């Protein structure tokens, strides 16, 4: 490598690296070390042995799994539609998909409060048609959290998958038809496997964002339905136990990193084989 | 001929449902903002602008929060465009050992939960004393949104023909001229898309901003969140409606200027 | 002193040596072709001359000035890229004017020069178009005009014709040659196509794996490749192995392994060839002549074999012949009317068309 090239790489990557080291890597490392030095592993052990906290962890994981599954179930067909439609509405529908991205999670959670609340739209409707006589309790249950989170995260799933489907070489598909596969067989044998990288990255993204989410469970689940991030928040803002907050923060971070590592490792084979979703060379 | 690549009815029905699901709460919010009563009644009986008035008169200082949010988002985005574009040039113009690792490093804030990062910054800044809430939140946001700019810029740079820079050099243009007249114009759609997402992320971010808030310094999402906890009237719907319409306009401008396909690339 | 002097040029990428002590001297206005397969180092040399790569060792001098430390944008070396590398966001006019603007030339002068070159490459009326609105041939002319308008000290052409169809390619060959002579610009062309090199260049350098294999004028390189490897590359795809029996009056008599005697005029024969050496004779398929049923008065180099396949290739037919030698023999005929698969065929290998090498 020439001297000039080395200098260019160094010079160009320096400012961002500097920022990340000073404001990101150092604080994360420093607080981890100092809290461990001050408190030892006590709070980590407390978290990992107390059934109450383990239940919160378990709840966070299964809610995230449900959100990922529902997002995939509805996101995949939507992505397929967006990638393939030649309707003049395509751009408008793409706006509908991307647009919620641009609207704050707080605002969107508010919308669901109006809809799912005790005197919300859904209950008004159900009582008006006489299906129920007492308002249903949806808000502050797992249902409200799942609805809110899917609404928040499904665009990530759709865009990850649509990008990949759009890049599948049409001739691969035509080849399958010419070899005697009908539309459904072609979908399951060609398109679906080739879109695997989009599905994988979409699922990893949605799961990660669900497991760390705070605003949506806080506003739609409330104190009755606590997830990991809320636990940290309550330790900081109501219990004032910063040592415990630190332990939970780092446990959450560790879970995310472990999950990312496992997900990347276990899907490496698929990613390598199908490349960027059969991306054109 | 029957077009075999057209979406089938399963995909049409499920995607129609998804699109309605995505739009539903946003439409409801807009209805709620004009509601004459505290609780939105369906179908709406009459129409009122009182909640819009309330934005300006409420003790919750929505407008001040809006300004703070805009300021932090703008500064963080501008800083990160500079840092991010430079970093992207380093990892996409050259091939070298450790390039992949460096890319992962640049996007690493994406893998850290906001609550963890916010908490860590809170502890650091408490020890440092005297750092303003503006700087505290700005620091957090500059780190959090960097990956968004990097990812979008990298996506477009990976398809960039670096021969163009060589062609420019062979025609006598120095590297700075080449960057501003050849490279930048051709990668700017990616940068714009990344900057837009990054700005909105910062503008909407409520976790770090909530932890690092100052006594008189709250960003708009935090103010809305707090307001929702204590009052439940459609003032939030009114301000949300304004944000929704603003986002929609922004979206349309983006669609016209750079197209939406950039969002499918990253 | 030559106009462009390249001495001991070496480039290493890690442990691999892409170019190994390469030397080349080019006179002002000369056109030199670097010919070789992919990975032979020809493009690496080009990029070092342009200044995009730094040599590991050796020097490049243009007009007496050493270029090693000079950045590409100060060399005035224009390069034509294989994929043209036109600026997609600039019009034809602005692509061509790009370099002139760097020179801070007055606007009126830029306009005049661009107009001249637009005329020269016959692109009138397309000045306001964007590259993606042009055909492949038109894009190529823009790239050529963009490079030539700079009046470069050296023009580098990287596989200039590889993206064009056959008809356009021949047209552009003529055009490039004419422009190059007219402007008298020192030019180096990199190509893997021997015909392109032969028809364009004043001098050809054949390369493989970073080494120079042969250097000479096109006729010499085309007709007398220096080794069996080069012969194969130059289209002498028939090889006949044997032993040298006798050298008489500058003629070489070989006993081929299967068929017996063969006479070679030996225009390329190495001086140290002696009786008893293992040799290989090479001939282009196009120079193998079919002999119709009746024997004519020629005595030597007549062989009989069996047709294994006849492949129609448009303007020629390729006939594969087995059993004449221990390796299959290919013959190209304009219109072949002889026996088909399995039939017996007699061929004549003209001695003056045969090359001889040490095996």
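Each chain carries a letter (A, B and C) given by its place in the written order, and its residues are counted from 1.
By our rule, contacts are C-beta pairs under 8 Å (C-beta built on N, C-alpha and C of every residue); 3 or more make two chains touch, one makes a residue touch a chain.
Quick caveat: nothing in here was measured; it's all calculated off a predicted structure.
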{"item": "By count of C-beta pairs in contact, the leading pair of chains", "value": "A-B"}
{"item": "Most distant chain from chain A, judged by the mean position of its C-alpha atoms", "value": "C"}
{"item": "Chain A and chain C: spacing of chain centres that average the CA atoms, whole Å", "value": "57"}
{"item": "Interchain centroid distance [CA atoms averaged], chain A/chain B, Å", "value": "16"}
{"item": "Complex contact set, residues of chain B against chain A", "value": "4-8, 10-12, 14-15, 17-19, 21-26, 28-29, 32, 39-42, 82-84, 86-87, 89-91, 93-94, 96, 102, 105-106, 108-109, 111-117, 119-124, 139, 142-143, 146, 150, 197, 200, 203-204, 206-207, 210-211, 221, 224-225, 228, 232, 236-237, 240, 243-244, 247-248, 250-252, 255, 260, 263-266"}
{"item": "Residues of chain A defined as touching chain B within the complex", "value": "1, 5, 8-9, 12-13, 15-17, 19-20, 23-24, 27-28, 30-31, 74-75, 77-78, 80-82, 84-86, 91, 93-108, 110-115, 119, 121, 124-125, 151, 154-155, 158-159, 162-163, 166, 170, 173-174, 177, 183, 186, 208, 211-212, 214-215, 218-219, 228-229, 232-233, 236, 242, 245-246, 249-250, 252-253, 256-257, 260"}
{"item": "Residues of chain B that touch chain C when the two form their complex", "value": "161, 163-164, 166-175, 177-178, 182, 185-186"}
{"item": "Residues of chain C defined as touching chain B within the complex", "value": "47, 50-52, 71-79, 81, 83, 85-89, 98-99, 102-103, 146-147, 150"}
